[in-house]
Amino acid sequence: MTRLIVVATALVLVALPFMADNYVLRLATTMLMYSALALGWNFIGGFAGYPSFATAAFFGLGAYAGGVLQTRGVPMPAAWLLAGAIVALFAAALGRAILHLRGHYFAIATLVAAEVLREVTNSATDLTGGGMGLNLPVLSADVTTQARLFYFAMLVVAAAALATTALVAESRLGFGLRCIQQNEDAAIMLGINTRRYKVVAFTLSAVFPGVCGGIYASWVNYIDPTDVYDVLLSVKPIVMVLLGGAGTVLGGVYGAFLFLLMEELVWRNLLQFHAGLLGIIVVCLVLFLPHGLRGIGLPSLLSRWRQRTREATP
Amino acid sequence: MILRLADVSRRFGGLVAVNRVSFELKAGEVVGLIGPNGAGKTTLVNLVTGVHRPQAGEIRYGGERIDRLPPDQIARRGIARTFQVVQPFPHMTVLENVTGGALFAGGIKTIRQAKDEAMEHLKFTGLADFAARPASALTLANRKRLELAKSLATNPRLLLLDEVNAGLNAAEIDAALDLIRAIADRGITILLIEHVMKVVLTATTRLLVLHQGELIADGSPDNVTRDPRVIEAYLGPKYAARYAPAAP
Amino acid sequence: MTLLSVENVAAGYDDVQVLWGVDLDVAHGEIVALIGSNGAGKSTLLRTISGLVRPTGGGIAFADADITTLTPDRIVAAGVVHVPEGRRLFAGMNVRDNLLMGAYHRRDGAAAIRRDLDFVFNMFPRLHERRLQDASTLSGGEQQMCAIARGLMAAPRLLMIDELSLGLAPRVVEELTAALLKINATGLSILMVEQDVLTALELSHRAFVMVSGRIKLSGSSKSLADNPFIREAYLGVPSAAGVMP
């Protein structure tokens, strides 16, 4: 049954660009991007339990890395991959420096990272165009082809993030991260090299947003620091993962989908209260649904439905 | 000789927690570490397990110097400890808790094998029936057994038990003692830190007494409990002077 | 006449039970000592009486009123004042302010508080000398004086002191015990937890010996001092007189 759902979903995802109009395609591309961001955050925030606000830093750095490389003539796909590599290196270094901090202190340190990167980007005008932004070379292809291209690019990243999450969840690394999240001192005493594991989780939480940032830059053709280092790029993925269930494999995907759907259908009309509504949602989540959708038993509802349909077939 | 401390000292700010402590543990011994509150017993355990570094002296484990190693590496070399306040992974199952020990310090490579190994340790500690329950659902006595099972899963040669009996009633203490005896029978060296004198006297053949960071006695329980310095440490200098004067 | 009555009290932290059915009493005008080895539960008992820890069984009565489930501030208002282990003075405040904080809950007027402040400074002249000094800069003995004085400022009927002599030089301990005797002579009852057995027994009228959360021995302090079972209570080995009943 599960296999059927998976195959069906995959077919829909692949066929979508050829069936939907550009507006829906753009929405779907955004959903895939946020799925990747959420899945990325899940490594450090969900599995390891470290509240990172660095997603915006990684995304922005990836956008600028990819963007600058492209303006220097590097072809798009290479620029994206290099952006991911640069962000990964940055995350490993940053992680070494701040992962000994815990809880709120760690969160603040990661928040600061995005701010610092934004300021550095602003000042390095020769390289990045500073506050005036960066223009990327436009593709010589029609709008529809471009839309499909970027859709598939984000789909690949999201799929890669999902596959990595599934692999880590079943691995020794995933087990170790869960132990760290439950009780870090006990984890150390059981022989887990917590420093190394945390750096790995942090790096994984960076590489996917980094590549997304690179793709995003090519997609919108113009980026500026305020845009790509926006703190909402850190906050929204967290809310999505909390909504869908932290530390699970599909939680980030469910959450991203639900969140963006609600955003599209409901809040676009309430432009002034947008940020306020987000705040209210976070408070409600924390107070009433600490385990996200898992708390109201969505996965168990699904599995029970699966059970019933399985028993129904002779 | 499995553990040797030589002139180990550690201070925190102005307070000397451990002051030039030296002793040796032979493989297979069951030794008690006692002393009034604040004597430095837990600090000593933290020094051996790498949570703190000694500021003087050295600690050798099976001949290798370990006082500069991080705690996870010391755990992998075969030193395990339990915590005074139990430290489980609360939302993981009992089986997963013990699997953690086997999978990392215990040296087992795959999760599946580690789970099998963990099940054996659960059977040994009498927790097999609770394997699928979350650790937070256990009673205190069982959580202490879980702590023990986790430590055993790391395949230790030296086990440091920090007040395993705090909060247990008499029957639970007896059961804990049986378990400790069974562990010792496997050849594991045990250092038992305890306040409950009755436990330490029945379970150990040798006592180390710490007072204000110094080792003031090292010997058989009989000798140690009659040692005037020990009496002075526990009951006060005036009492010792009147009722247990040191031999002239 | 009984002032404080602790009956069959059980208590602990989370699910670690520390006290297993403790019985203890203090009569009007008495000094009672609570002694025993570490981890026995002596501090926990004081904290249960003063309301910091909720008992899970048994009852506590003070001046014939049931205080078992009262909140700590009500227990202070009733006249039970707890001088905690480690002194816990307010660092950053001077001695005088620390003392005045002791009178925080009092409603009997500035004049009465002023009177008590003078009494306390008379009893501990060194505190008067240092009254404008930051409390954390005092020596160990002076800090203990300040903590006791602060407790006195709360107008207690029963003063509970946790670990009087810990970390203090013998001479300082003698000063403090002399002060406590004087205070007791004015009618104040005292319950003290004390590490040093003879100091405790020389200062008190009666004493209770606690082992592993239970009272194993009690009686007049004079008779307990010579009781060989005391050593067993602390060191677990039976004395020449045989095993403790």
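We just call them A, B and C in the order they show up, numbering each chain from 1.
Simple rule for what comes next: contacts are C-beta pairs under 8 Å (C-beta built on N, C-alpha and C of every residue); 3 or more make two chains touch, one makes a residue touch a chain.
The structure displayed is predicted, hence computed values, not measured ones.
Chemist: Measuring between Cα centroids, which chain is at the maximum distance from subunit C?
Modeler: A
Chemist: Return the chain label for which the distance between chain Cα mean and whole-protein Cα mean is smallest.
Modeler: B
Chemist: Please compute the C-alpha centroid of subunit B, do the same for subunit C, then give the distance between them in whole Å.
Modeler: 33
Chemist: Averaging over Cα atoms per chain, report the distance between subunit A and subunit C in Å.
Modeler: Using C-alpha averages as centres, the distance is 58 Å.
Chemist: Distance between subunit A and subunit B based on Cα centroids, please, to the nearest Å.
Modeler: So the centre of subunit A lies 44 Å away from the centre of subunit B.
Chemist: Could you say which residues in subunit B touch two or more other chains, in rising order?
Modeler: Nothing qualifies.
Chemist: Hunt down the residues of subunit C that sit against at least two other chains at once, touch-wise.
Modeler: Answer for subunit C, listing residues that touch two or more other chains: there are none.
Chemist: Under the touch definition given earlier, write down the residues of subunit C that touch subunit B in their complex.
Modeler: Checking each residue of subunit C against subunit B gives 12, 15-18, 20, 37-40, 170, 195-199, 212, 230-231, 234-237.
Chemist: Spell out the residues on subunit B that touch subunit A in their complex, using ranges where they run on.
Modeler: By the definition above, subunit B touches subunit A via 49, 70-73, 75-76, 80-81, 83, 87-92, 99-101, 103-106, 109-111, 150, 154.
Chemist: Over in the complex, which subunit A residues touch subunit B? Could you list them?
Modeler: Within the complex, subunit A touches subunit B at residues 170-172, 175-176, 178-179, 182-183, 185-194.
Chemist: In their complex, what parts of subunit B are in touch with subunit C?
Modeler: For this pair, the touching residues of subunit B are 36-37, 139-140, 163, 166-167, 169, 195-198, 200-201, 221-222, 225-226, 230-231, 234-239, 242-244.
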